[in-house]
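Look at the two complexes coming up: chain A is in both, with chain B in one and chain C in the other.
The block that comes next holds the complex of A and B.
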């Protein structure tokens, strides 16, 4: 039989009190699933760092809903099978309301059903158009522009640039064929001939035969739609073949690290493009300062935006569940409220009862109904003497 | 936590089926099969495409198994004259060929986008947690049936001939056994088991894509079999469970190493898994459950 004494009750209350206070202040756990090993291991850790930096800022300013944010990090190993296991751990053990950071399209497509079935929100950089068409019920947003938006903007640059004859060398990936299609549709009416295209397999040590085939078409511009490892090989082979025309690729395919490793002659004059905020965007400047990097790349900017959007949405909804994030995210991203450029400023404005619109480091961050961004600027660089030289943002 | 354990038990069950399939060709018949991801893919893709077209799931799985078996027989015929290392290289090449074909034949497989939205048994009508539980029961049932059938095979005259071929092909031939036919049959049956595993995986995750069938999976299964004990079905199952426990268990070391960055922890995990396997093989060279050699 249990006997209640006044002293006993007091003691119990005294013991329980800190744990109740502790429960109110218990950290809010948010999931991060980026590639830390495998093909994505160059971008994954940097995206994670960007999210950690914003988290530190938010926690420094008092957290959200009176709680500190704690990021629970798992490695997706750039492999769909391993990523699904990791996602199950985040969802079922850590009970996170959101998973941020999937990178490869196959990984995102594999992880997405785990997320929407468990009502967990997913934010991604994967570019395959098919991803936002999955039956995700709103539990997914993508900050990376889809193929159509990218190809349209690239085509506008190529037309302005004055190229006349283009050849496309692309890696076997989900974006290869749609990008070719959109580019051809956009360029042909403006007098730019797409002289041909070919798709190559990844991880080859030489692309000499592909390069020979491309050069037979006598292009004055090569559109290199690949990843960093293969584009480095292609650029070398182009140099060896004596090609002196223009080359155009995504910034993730020619990274700062690759510039250090490749001879200057090989990379001289290559044009790179990345989705970008306005150069004078306050959010981008804040991200650069926070990370201590002069020009954060597109992935770092997008990761900055995910954690900021998620934190602001949770604060706005007053509830940290995946469904609350899904239902309220557009009140932060698609609203007509006061523009804010960092999570901390946004949280302060929300506290004052203001409506806010988060405008991000990667772009305006306005989402369509299926979770794609509706518009985005692009930043163009040209490699000069082994370093990126800023050309324009448009 | 229960939901997580259920999902991981399903993974372990599918790994166990894969290890059993490889054990039949490698452990019993002595033919190293590094092409397991290829047969896994054939089973997964065939069942995915058929069930998306409206075929019932059990029929889809059966068709996946048959397609994998037919592919297995074909590979066995092509590689009839190859042994040991050479066979290993060619079968690895086969699985890469399947992966690259799946990435390029967009009209058939939807290319590197993969096939999403594959139906699962009562998916959508059951809540996710119960779906997982039902799926676990299905996987365990299939695993038990496969295990019992393969055990019977071990003790049958067919199994004895396979072991004779493994130990000395020429002697088996001299004894009047038609070696090639036995090899083809062993490869076909082993591939069928791999195909079933692939089909089950496709229906569980609802998604197949070429990237799923990368060599990493092959490596995990071969390690499972070596650690568990090549030539022993119980060893194959135990090894598969062990691999999943190691892969998943190492996730939980992160809180113990707060001074390391997550990318370093990811590397430590890989180091731990390989280190533990090395220790197992150093202490138990024939695996955890060595094959019983009956005289």
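The block that comes next holds the complex of A and C.
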């Protein structure tokens, strides 16, 4: 049972709002706030689908606390303002105990205070370090590695790769500055010079002048720390400017779809990195089967884990409030209990009175005190002839 | 340093030339109908997608695709105006302006419904830039510049030498007098909408040629378009061209003193300066 409420989804709403049939109590409403439009619109709808799939499984197995789950879906538009309005609606009108799915760091930074003030739990994929350092009182977890973990792993790859002189072109976002700082700290002792960095405006139609400025530093590697719309433009402008050196970016900045659309010569040789889902885990295999996709990506895996962790925590706590989720979440994620890989299996085990440890599709899902995951693997690809070629997971 | 400045000015002129087409559309509607029509944003997007369909799906070359972009955006402009905005015009400026914002959101989402959010690219070969000394110029940029200049020149010819063009200017200058002389204001409104939204559509396509298109293509540019129209003098068509070039060059040159991420500020500062010191804009409010 899904309710879409944002603009652009009205047509779907008519089809997807059946009344609650067969649940014993009133449905348990959980909030979803993903980017269905804007720069995050490649990942947002897929994360939503992953959460819907787990919800269907849980409801099929009888729901939690005798109630069916109903996802209340809002679009954060990859825009902090729109996101805060939507979050207020979820909290004040729908009275959800949890909001799952914010993607952009700027959006999460804006939504988090709304959540902790209203004692609503928040789960996110945003990478900016500052997010878990907010005074969130435990009302926040993220399944995405933070900037420091990401930058450290990226730097290790860049050192292995043998680059000598790097320039950073970054979008104006909360992760831009910390990433630059960590990369510089990591790379400099290993003989890789960070020759300069530049933060650009996201809505520019051309980055010719920025590219000129970067190329003046004569880098052999450009670290492109942006989102898909702007990185596509930057890559074109780099090609036009005659740059033939290496380029490195996050996989969300150069998606499979973008690869199809961009001319092959523009993307040739670009290295991409993404937090890797735990591809060998049973939870990952279950997610793949549930979604009918051979290889779900990290975002689908993380979304699978949020809804699973939240459902299990509510069942464990016996109470569906934000505070109960906050107080009990680590009893599911950081426990020594019997390992479970899906929400349905976990619910069954809890019914039998067992202690459980949820191990997720995105990774072990063990959280630190401030809500960060403690470890994660990364997957590296290189674009060859308009397609991703797998390099390594490390 | 000198090379840098020349390069930035050149980049600014190229960017400004592309902005000029939608800025003219915005200002022309203001001149004749007396309200800022923010639906220019979605019409730029619609033009970009119409040009994309012509270019990628039908395999048409650049110029015919640009004509398709103009025509489709123009037709949508006339239709959406007569369905949505025209009935509201009697309710006043604010109502119509707000309705135009709503219209642009609705149209943008229609595009999203049909095409999705993914980035799309025109099927044009990408070329390395030409270099002259330290200065580089893209062949695509020159083509964009030529198309935009040709469209603007055609519009000026139309306004200066045809009966309809003169009628448009008459309505813009003095609607009451024009009505007394028997000029049909509704007909003029339709023609202005067709031309203005057509130019917006063409501008949207030119924006996309150099980059990628998605449903937000027009929306991203609307602040710069608005700034160009205000700086040049809201309601003045030559002013829109001057304004667009000014904003384009100012945005690029600002990089000498401001970090690149402050670019948006330039549009706001331009509007602020003009409204503070020369509220009628550089060329004043005469339509032509």
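One rule holds for everything that comes next: the second predicted complex is superposed on the first by the 366 of 394 C-alpha atoms of A that agree within 3 Å, B and C clash if a C-alpha of one lies under 4 Å from a C-alpha of the other, contacts with A are read in each partner's own complex, and residues count from 1 in each chain.
FYI, a residue touches a chain if its C-beta (ideal position, glycine included) is under 8 Å from a C-beta of that chain, and two chains touch if they have at least 3 such contacts.
Just so we're clear, the structure is a prediction, and the values are computed from it rather than from any experiment.
Enquirer: Based on the shared chain A superposition, would you classify chain B and chain C as clashing or fitting together?
Expert: Superposition check on chain A flags a clash between chain B and chain C.
Enquirer: Could you say whether A:172 touches chain B, chain C, both of them, or neither, answering first, second, both or neither?
Expert: A:172 sits against chain B and chain C alike.
Enquirer: One more residue to check, A:74. First (chain B), second (chain C), both or neither?
Expert: first
Enquirer: Check the residue A:218 against both partner chains and state whether it touches chain B (first), chain C (second), both, or neither.
Expert: neither
Enquirer: Of the partners chain B and chain C, which touch A:41 in the superposed model: first, second, both, neither?
Expert: A:41 sits against chain B and chain C alike.
Enquirer: Just checking: does A:160 make contact with chain B only, chain C only, both, or neither of them? Give me first, second, both or neither.
Expert: A:160: touches no partner chain.
Enquirer: Answer with first, second, both or neither: which of chain B and chain C does A:201 touch in the superposed model?
Expert: Touch partners of A:201: chain B and chain C.
Enquirer: State whether A:289 touches chain B only (first), chain C only (second), both chains, or neither.
Expert: The answer is neither, since A:289 touches no partner chain.
Enquirer: Where does A:242 make contact in the superposed view: on chain B (first), on chain C (second), on both, or on neither?
Expert: In the superposed model, A:242 contacts chain C only, not chain B.
Enquirer: Should A:354 be classified as contacting the first partner (chain B), the second (chain C), both, or neither?
Expert: Neither chain B nor chain C is touched by A:354.
Enquirer: Just one of 4-12, 58-66 or 220-228 in chain B hits chain C in the overlay; which is it?
Expert: The answer is stretch 220-228.
Enquirer: Shared contact residues on chain A, chain B side and chain C side combined as an intersection?
Expert: Residues 37, 41, 172, 199, 201 of chain A touch both chain B and chain C.
Enquirer: Where on chain B is chain A touching in the complex?
Expert: Interface residues on the chain B side: 1-4, 7-8, 11, 100, 103-104, 106, 111-114, 116-117, 128, 131, 205-207, 209-212, 214, 216-217, 247-248, 251, 254, 261-263, 265-267, 269-270.
Enquirer: So in the complex, which bits of chain A are touching chain B?
Expert: 32, 36-37, 41, 44-45, 48, 73-75, 77, 79-82, 84-86, 88-89, 91-93, 104-107, 109-110, 113, 117-118, 128, 130, 134-135, 172-174, 177, 199, 201
Enquirer: Under the stated contact criterion, what part of chain A meets chain C in this complex?
Expert: 7-8, 11, 37-38, 41-42, 172, 198-201, 203-206, 208-210, 212-213, 228-229, 232-233, 236, 239-242, 257-258, 261-263, 265-266
Enquirer: Which bits of chain C are touching chain A when the two form their complex?
Expert: Residues in contact with chain A: 4, 7-8, 11, 14-15, 18, 105, 109, 112-113, 117-121, 125-129, 131, 136, 138, 140, 207, 210-212, 214-216, 220-221, 252, 255, 259-264.
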